[in-house]
Amino acid sequence: MRPSGRTPEQPRDIRITRHYTRHAEGSVLIEFGDTKVICTASVENKVPPFLRGEGKGWITAEYGMLPRSTGSRMGREAARGKQGGRTVEIQRLIGRSLRAAVDLSALGEHTITVDCDVIQADGGTRTAAITGGCVALVDALNHLVAEKRLKKSPLKQMVAAVSVGVYKGTPVVDLDYPEDSEAETDMNVIMTDQGGFIEIQGTAEGAPFVQEELDSMLTLARQGITRLFEIQQEALSA
Amino acid sequence: MRPSGRTPEQPRDIRITRHYTRHAEGSVLIEFGDTKVICTASVENKVPPFLRGEGKGWITAEYGMLPRSTGSRMGREAARGKQGGRTVEIQRLIGRSLRAAVDLSALGEHTITVDCDVIQADGGTRTAAITGGCVALVDALNHLVAEKRLKKSPLKQMVAAVSVGVYKGTPVVDLDYPEDSEAETDMNVIMTDQGGFIEIQGTAEGAPFVQEELDSMLTLARQGITRLFEIQQEALSA
Amino acid sequence: MRPSGRTPEQPRDIRITRHYTRHAEGSVLIEFGDTKVICTASVENKVPPFLRGEGKGWITAEYGMLPRSTGSRMGREAARGKQGGRTVEIQRLIGRSLRAAVDLSALGEHTITVDCDVIQADGGTRTAAITGGCVALVDALNHLVAEKRLKKSPLKQMVAAVSVGVYKGTPVVDLDYPEDSEAETDMNVIMTDQGGFIEIQGTAEGAPFVQEELDSMLTLARQGITRLFEIQQEALSA
Amino acid sequence: MRPSGRTPEQPRDIRITRHYTRHAEGSVLIEFGDTKVICTASVENKVPPFLRGEGKGWITAEYGMLPRSTGSRMGREAARGKQGGRTVEIQRLIGRSLRAAVDLSALGEHTITVDCDVIQADGGTRTAAITGGCVALVDALNHLVAEKRLKKSPLKQMVAAVSVGVYKGTPVVDLDYPEDSEAETDMNVIMTDQGGFIEIQGTAEGAPFVQEELDSMLTLARQGITRLFEIQQEALSA
Amino acid sequence: MRPSGRTPEQPRDIRITRHYTRHAEGSVLIEFGDTKVICTASVENKVPPFLRGEGKGWITAEYGMLPRSTGSRMGREAARGKQGGRTVEIQRLIGRSLRAAVDLSALGEHTITVDCDVIQADGGTRTAAITGGCVALVDALNHLVAEKRLKKSPLKQMVAAVSVGVYKGTPVVDLDYPEDSEAETDMNVIMTDQGGFIEIQGTAEGAPFVQEELDSMLTLARQGITRLFEIQQEALSA
Amino acid sequence: MRPSGRTPEQPRDIRITRHYTRHAEGSVLIEFGDTKVICTASVENKVPPFLRGEGKGWITAEYGMLPRSTGSRMGREAARGKQGGRTVEIQRLIGRSLRAAVDLSALGEHTITVDCDVIQADGGTRTAAITGGCVALVDALNHLVAEKRLKKSPLKQMVAAVSVGVYKGTPVVDLDYPEDSEAETDMNVIMTDQGGFIEIQGTAEGAPFVQEELDSMLTLARQGITRLFEIQQEALSA
């Protein structure tokens, strides 16, 4: 029934490649099927003005899509002179989610910027970005420990994200673009590896959704994210 | 226990004043306690480029805060030359929510822009904006009928919104600023008067939240929104 | 003869409501008939770079119109990414006028920003903004005294403004929008309560104006502003 | 008494050079002493959107200063990405003043843009720009007649401008920079060659000014502008 | 002598991967050693305003670097709201170079935009972008033929580019970042596969260069580019 | 054969007027025939952030064209809110070229900004800007010596620039606009008075150019620039 032939609870093939580019403290290519996102974590020895002198660190994220990562070319945001509303909304979500992974008080006065650049898009770019960005973040934190700039990693918990939705009346996990563009409801769920929710964003694109559908979607999300935590661990222990 | 002395399930005093300013097709002042938002709905006889020639209409929203609507003055976005990320995120949410109220195919080639300008802020500005914006939208739709530009109102259902959260361990409804700034979890719930969800956005600010807390918050939201639909109807029938 | 039925020397009903919003050090709603402007005065403990270390203070103003304060919706300046020329021109005028009210050397290193936001427009928004902004400014200065951040108020004199013009050949005071859009000459006069001129800006929209018309307009302005000073005092002593 | 040794009613040496650059339909270098402004008038066969289909023309102006036209280098507005408030205020004044010179209904669907670029500044750049811009405008109108795009010139009257002010207690005409930066009052007066006022902008920089000073300044302005009209005519008949 | 151990006339390992992403009409990953650039060619059925109605096509290019493609993170141009001077300079060079490859009159009213996004930078990004961009362009032109939107490919000639420079007194080809940052002279040479020059940009970073050095560099460039044309052909015939 | 009747190796009449405006430390009007550029050099007692504390100075350049310096009016860059790509490319070239003239280590912590503003354009504005800008720069350096802010001038060598090209099959020097807009190849050559190249930028606008044409163009450039150095010296010794 799904265009890809997947079962409702079946995510796409997910691959995480660490050390993808060589300059960043953390650099990951994450693939959710045909969705491909480069996530790099960059460390700087300073914090934003609102945190100066507090002895704490900060995690922030930026998001972009290559102009032809999509079916038809989008105007380049740098050329248009501003980031679009969708971009801003997504990068704020990624930043909030990744901050939940780290004890900022134990990070010292460092800022880690996680850049999530979509090379190829097929739905689910923001959930891929969070899931891959967390791995890049772990590598950057470990780099700070290896360089003795921190005594131990301030990582509190892993964070991962998956989309769920109601497609032709059936709740499904990890929607690709053909599903996403027709789904009645689309929900992004961000969780910790200890089972708590970091963020839930569910939107009825067509008909409103009801509690029962919400519950089914959350069940699918929980299963899907459990698989993501395994893939993150495999990548990190490779 | 709440700073305002309210019980967990008690919203603030909510007031809706229609015909608040005289030029707009719909103009509402909505007050959620000390949060005050002017919502105006403006009709134009055109649609955005992506809808031209399709015979459908469009609903969009813009959001702003007066620089001193808050405790300390914020820089004016028009002077800084760009809208902040929070503003963009909120106005996209308001727009999506209000589009769910209307059958766009029956709106004809009109655009209705709902401007939500915060005069005074004390938490919950986005939920007030959606709830008041829907009333302004109804007035603008009825104006189109009264002027014989539409045969009947394309309103499908009313839409309202409330925030819920976990404050000092207890789920509460309609958080004011002192609560909002300390809540562990903050969730905005947008529903239709037929009981469906339009959007759920829940964010763990501190510790992650669990399914049980989510369920409690949704129950509180459902109760609170039911009261909002009554207040909307009282205003519209006045 | 005037569309409103007023006599040439009759201003509109003018109302000043102090403490209109609760966060600002000074907050005033001023109404010149259907023109409604919220004026807030915000105090900051710093001065612009060109004044640093001089022991003086600064007064500045910003002006904005809600998009649907007018008969047809104007684009939101924050969304367009720049303030229009008219906005810039008006806020510079307000700032210059209000600085004349205060002994900046006695203000200490404080900046007071007066935000004038037009909720509803019917002509004369800049004169309403100056007249109401001066009351908000007085409240902010008194606040500094009450908080013992200044020993005495550095207020030198009150400032108020009114528009005059030649409408259908007759000089009239306090033009509303129907008059303003057809007037041959439009002049804004800003005075002190000691009878001096702070600023005169007269523009021939149609035929040039002559000395005799100028004199008539200035006479009307003087009378109108005298009434404004009374209304300011009534508000301040309430 | 004046730093330049001039008498109060004595303007600076004023020179107008027509055909200063070779591409524009009208091109003038105007010098008010050490203030030097290039004014070019450019004709286009189109009108702004708000005038389309009305059979009328439009006159507009833009103003700029070379970065080192002043004593210390100012940032280039093109590099900073926006025109400053002073620039916007001045170019709106020039545009309004020059529109008064022409019967726009008789201009046909042409736009004439008058660019006023300050090569060297020593006070009075806006009055020089208006006075020189009017000559460039006349040349552009005559060019349209010579090219048979108009039957006769739609020029209604000449327009010129001069500054007056109160310097060390004495009203003086055509202030240079040393005077301008210390004057208590500064007023720009724009008149037609038939004796009417197009615009009066008087600002008290220090103490307020009174009716008597206003009258003295207007008398000086009238005399000074009479001389400017002679200089314009000499240039145009050369 | 070269940091990489290469001989002066030895370029880096160069690899071209076609069909790198799946949406674009042409998509190439080009690697000049550690410099990696994604080049996509996107076809649109329209031309810029200055070409409308002329029956010709247009080729243009845009260039960007991922924020952490370099040793330390650069600010994202989309977030800063403008493209830097270096970016603008490079994308204009790429566009001019690629237009030389195509008979624009035979392209029909199509625009092809070649986006060159640097994933990892180690010197020579602009020459890699031109060399890889030409392959992506060929694929896009062949796509137009395959889709019967053109009868035959309007390709006139292949274009490739290489950098040469004087490093520690010796002319060398294809400088990597350690060389580039210390070279006395840096020159980018763009040629056609028929032996003509499209563009030469040589810059003395330190001491001026003389005719003899210029000749040596051009000889090296010619050799290097000959090798690039072979690699392009291998990729295109794969 | 050339539209102007010049021989291939004949530059236009070139004139340099020093002390053209009175505020700048160096101010030059340079004319290459009908191309007229004002070049001012402004000294500031500070350096950009990347040089702070290094005891060195900096030279930078900005370039602009008056809107009607050209045959048809161009939009004003300050009004459009950004500098165009061509402007950015040119001002970077001017800056690089002029830095080659000066020993930055001996300049002290000063920044000299050379503003090149085109009053009238007829081809070759960038080469005129470099040639005239170098004279303004020399005057500014000598000003620093005269004011005892430097012991001796840090000038290393003079720099000048000329364009060469292939027009109707013949290499020619110093192209004017009618030639430039039809030339097959256009090359800008910047040299020092000691015979070295600072920058070569050659672009095939039509057919590619070959080594022999390159050699001819460089020979013409060398001759033309030799004449420019004489004219610079005449001006500086006047």
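Order as written gives the chain letters A, B, C, D, E and F; numbering starts at 1 within each chain.
Please note the rule applied: a residue touches a chain if its C-beta (ideal position, glycine included) is under 8 Å from a C-beta of that chain, and two chains touch if they have at least 3 such contacts.
Keep in mind the model is a prediction, meaning the values are calculated, not measured.
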Neighbouring chains common to chain A and chain F, by label: E
Taking each chain's C-alpha mean as its centre, the one farthest from chain F: B
Classification of the chain A:chain E interface as same or different, half of numbers criterion: same
Distance-maximising chain from chain C - centres being C-alpha averages: E
Euclidean distance of C-alpha centroids - chain B vs chain D, Å: 50
Euclidean distance of C-alpha centroids - chain B vs chain C, Å: 33
Interface hub residues of chain C, defined as touching at least two other chains: 81-82
Round-the-ring chain order [start: chain E; next: chain F]: E, F, D, C, B, A
Chain F contact footprint on chain E (complex, rising order): 82, 85-86, 88-89, 91-92, 96, 100, 187, 191-192, 194-204, 207-211, 214, 218
Chain D partner contacts - residues on chain F that touch it in the complex: 21-24, 27, 34, 36, 38, 40, 42, 44, 62, 64, 66-73, 76-79, 81-83, 87, 113, 115, 117, 119-121
